[in-house]
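Structures incoming, each one as structure tokens.
The following pair of complexes shares a single chain, chain A, combined with chain B in the former and chain C in the latter.
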Partner chain A sequence: MAERKIRVLLSKSDQDAHELNVRYVARVLKDAGMEVIFTRYQIIDDVVKTALEEDVDAIALSYYASGVMYEVPKVMQWLKERNMEDVLVVIGGTLNAAEKSKLLEMGVGAVFTPGVGTVQDVADCIISKVRCR
Partner chain B sequence: MTDMFGKEVQKENMAMEKRWRDMSSQMLDGGEIISSNESGIELKAVYTPEDINDMDYKEIALPGEYPLTRGNYPLHYQVMPLIMAHGYGFGTAEETRSRREWLTKLGSTLHVGKDEFTTYVLTLDLPTQRGFDPDEPEARGKVGDCGLSISSREDFKALYDGLPINKIFTTLIAIDNTLPVNAAYAAYVLEERNLSLDNLYLVTCNLHHHGWFWDCASFPPATAMKLDVEFIKFVVENCPLSFHGPVDGYNVGEAGATPVQEAAFNLAHTVCLMEECLKVGLDPDDVASKFYAHPHIGMKLFEEIAKFRATRRWWAKTFKEKFGCKRPESWQYRPLVSQTSGIALPAQEALNNIIRTTIMTMAGMLSGLDGMWTSSYDEALGIPTEEAVQLAVRVQQIISEETDITKVSDPLGGSYYIEWLTNRMEEEINKVLKRMEELGGFMKCWETGWIRGEVERAAYDRFKRLEKGEDVKVGMNKYRVEETPQVEAFRVSPEIEDAAVAKVKKYRQERDNAKTRAALEKVREAALRIEKEWPRSCGCLMPALIEAARAGATTGEMHRVMREVFGFGYYSG
Partner chain C sequence: MELVDEMRRGSIRALAKLITLVENEQPGAFEVMERIYSYTGKAHIIGITGPSGAGKSTLTDKITKELRRRNDTVGIIAVDPTSPFTGGALLGDRVRMAGISNDEGVFIRSMASRGSLGGLARATADAVKILDAFGKDYVLIETVGVGQDEVDIVKAADVSIMVMMPGSGDDIQAMKAGIMEIGDIFVVNKADKDGADRLVTEIKMMLELGSAPREWTAPIIKTVATENQHIDILVEKIGEHREFLAKSGMLDIRRKERIRAEITKIVEHEIFRYYESLISENKDIFDQRLEHILARKENPYQLAKQVVEIIGKKIGAMTRKPFDIGAPALLFENIKDYQQGLLEDHGSQTTC
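So, the complex of A and B:
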């Protein structure tokens, strides 16, 4: 039986216009053989709802700083409440070292920041972490 | 048409060129140099009189002489210093005002004749830009974070009390919330300062900043255009000291557009906006004489200079010939807030960005731009720290006051390369404009998502080149070392959000809510008239918004009424 394609919900707040990089990430993930559901959310609540409906393997969120420390804890909590803890959460954005450690402590699978690694690393990370569950 | 250079010069030049070609060919073992610029125009290794010989000298002319290729004014920096238009804003009005005081202390002020002006180029936070008050669910976690939070005319008190209104150059980067936020400012001036609106020195910010090339939620395209025209009418008729626009190239450049695309899309947008203004009966000179631009400046120095010269020439010709404008101010492309590229500034080895922004600022000044916003080196990490913005101010001051750049207007004018490239940029810009006409015009290109497609393709190509190392980013994809100085990113404390939420809740409790509700109804009626009775109804919405702000309405409440009437969503293909 063929392995099902990894499904990724790639999402960004619809208030934030800094979407140049996340569009590129979407393309690289697709080129790596994943199914990408790209959404813009009005409130963070929409993300977990969509993740459930779309039966995704991973949630990837993009931030230009604004809102990350408020929204990600909520996402992690809701995933726990819905028994969706095996959904990988990865975060990308303009985050500093302190924010990055806090996010990893919360159970976020990986945090990607500008200049560190390549976009292909994001794809490779998602593939390896999802396949190893 | 006569040749620019005499026959003798041409003959000697051809002989020299042949010798040059032979010598360079030897250096390359018979090969050739193949290079092109950011917009894809092929470049030679050197330029000669031959490259511009068949040009009409009158197309170059002199600064201040139509078609203004060399500059809008006979004298520029010699008598009018560069406008320092650094944008800033975070937290609430109090925090932002303290950043304003820091900038003034650094010498970042605007001199108009003998007067010293303050510049408030205010970036507003995401909830404010999108029309949400701080206490709404959509604002959670984002209030005051990468911009200033504004929800009512109260916020303007903290920013403006004690300052002379007619000596403050204000830009409110409010995007979709442009009309309500400016209405709140107008309400502050009328109610709290008892001054008339003709004291406002606004440098406005149009609201469909993004929707036509980025996939983001906004008003429907036709509505966005109407709202822009509504705002232009308000400015033109009430605020004679103010400028409207901007003709925005910066954001489409940041989305990945090449310099040619940025200029072309920008110009197509302006023509469309101008035509809509004429449809509602505004006088062409009244509108055109007050347009200003917010262009992008990238790292390809000479390409940017040629882009600006080509744009000035195209603008002058279009406003004089197509729109029949009579006033010289109407023919002038006026980049009051030109901004150095943000995407050119990586996080890796962030201090290198001081060098990059210096180069981009030099490109702007060699192009004779009116005003500039030099980005800070921590662009990829967050909004500027005090230290980073200090350096951004110093870049402009050092170039202006320690070099000889401001002594001579259009110093590169007459350079074979620059004149040739100006012509080529103009040709390529015209090709894009022609394509857009063939596709049905600017609005059609917006609504079908054609512009977005072009920009996404350019952005993707750029990424691929960076990944392959064809485009170099020193310290990031070439000469990279892991030991780099740590740069602290600016962060706003979370207590600011609580303060903003408490403030707006208190504001709503203390106002006359019946009065506010009635005024918001009037806004709804005006919005419906805009929706159904355009162009006749142009001019009815801004007054209703100002009255609502005077009656205590918050910007989020006003924006919500507008969303309910006009719709708000994703409309570009």
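So, the complex of A and C:
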């Protein structure tokens, strides 16, 4: 029996003009066999509604502008409230070490910053963490 | 089943989980579909298809906004192709539906075709029914029309909308004749571009050249979806078509044909699964036989006939009766056991 497909919500803020990297991530995830639901959110609330409807295994958010320390805690809180704590959350973007450790503390599965590892690592990480849930 | 009750009580989470369950053919999927079937039949199903870039997603977004303005609730299934090489998919239709994405009255689900040759995911029809059972007034199916897709969507929907755009290089002549026969409403989107009127004329001509005249004359509507132009007219036409279906009795006729096609699909799929498991259980022997055939020591037709006989006997053994077309109830009961058995045998292939 074939293995279940992994569905990932890959999203970034509408306000954030940086999109090329996210599109590249989408490509790599797709090439790794995942179903990638790509969206741009106007407010962070949209992300959780989308994740709920699409019944995703993972949420991958990209931050090249500010907002990460304001938005991610909200996402983690909502996932908890909606009984969706088994959804893996990974964050990518221009974050410093302090932000990275705070995010990991609040339950984010992995944080990826430029220059550390490759986009393929993101794909491998999602696959292994989702399959071993 | 708890999930079904929860869904019927309005839980979005249950609705989403049920769609996943049937999409992945998880244990219980058959029972879920059996359970919800009596709640279906109320939603009006709109199929939206056409070449990539014609503006289907934008159109779906605008049609939905208009339906919401009229206080109807909407379910949307957006289908995109699965890569035949990697098995992955980029499901990007939601991007163009940002406006309706946070409307509580709208449920959007992206689906990958997962190898289905017809372009519509195998589970699309099931997901449509679940949205219907949930209580959605309208269910929109949006998919790229490539090859046989168009025909698929026509079977799945009450009304089929074909979306095209001027200058796309698609010569109408080059398009499959089938589309012209089965579209209920034609939309020339991006009508502000050069060649819009010419495309309308071409479509008109093709429709006139088509086969026997139908009671419904398919309208051709020019729209500029991004500017919401003529969307209200399009929705009016959907309404007119719906009235026509009811008055002419065509709704029941089409739905009966849909049921017939669905049953065929389900039966084909279930028999194919027997075949798949038979081959995988006997991989080495099968491979040897392939070598023989390659060497012309035997022919493929013999092998195929043998396989069919084995499958027949296998099904017969499970029902403890010979493979008799007069025992369909038993046949399906055992499919559930068989699915459960398959799951137990094969389980998960990952080690953590």
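We take it that the second predicted complex is superposed on the first by the 132 of 133 C-alpha atoms of A that agree within 3 Å, B and C clash if a C-alpha of one lies under 4 Å from a C-alpha of the other, contacts with A are read in each partner's own complex, and residues count from 1 in each chain.
Here is the rule we go by: a contact is a pair of C-beta atoms (placed from the backbone, for glycine too) under 8 Å apart; a residue touches a chain by one contact, two chains touch by 3 or more.
Only a predicted model underlies this, so the values are computations on that prediction, with no experimental measurement involved.
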{"item": "Partners on chain A (chain B, chain C) - clash or fit", "value": "fit"}
{"item": "Contacts of A:96 with chain B and chain C, given as first, second, both or neither", "value": "first"}
{"item": "Contacts of A:118 with chain B and chain C, given as first, second, both or neither", "value": "first"}
{"item": "First (chain B), second (chain C), both or neither touched by A:69", "value": "first"}
{"item": "Touched partner set for A:42, first chain B, second chain C, both or neither", "value": "both"}
{"item": "Arrangement angle, chain B at one end, chain C at the other, chain A at the vertex (C-alpha, nearest 10°)", "value": "100"}
{"item": "Chain B versus chain C as contact partner of A:26, first or second or both or neither", "value": "second"}
{"item": "Contacts of A:106 with chain B and chain C, given as first, second, both or neither", "value": "neither"}
{"item": "First, second, both or neither for A:15, with chain B first and chain C second", "value": "first"}
{"item": "Lowest inter-chain C-alpha distance for chain C and chain B in the superposed arrangement, angstrom", "value": "6"}
{"item": "Touching both chain C and chain B, counted on chain A across the two superposed complexes", "value": "14, 27, 40, 42-43"}
{"item": "Residue numbers on chain A that touch chain C, as the complex places them", "value": "1, 3-5, 14, 26-27, 29-40, 42-43, 45-46, 49-50, 52-55, 82-84, 128, 131-132"}
{"item": "Complex contact set, residues of chain B against chain A", "value": "125-127, 129-130, 132, 137-138, 140-142, 145-146, 209-210, 214-217, 251, 254-256, 343, 346-348, 380-383, 456, 459-460, 463, 467, 476, 488-489, 491, 494, 570"}
{"item": "Interface residues, chain A side, partner chain B - complex", "value": "13-17, 19-20, 23-24, 27, 40, 42-44, 64-71, 94, 96, 113-116, 118-119"}
{"item": "Contacting residues of chain C [partner chain A, same complex]", "value": "12-13, 16-17, 19-20, 24, 82-83, 86-92, 94-95, 98, 101-102, 107-110, 112, 114, 342-343, 346-350, 352"}
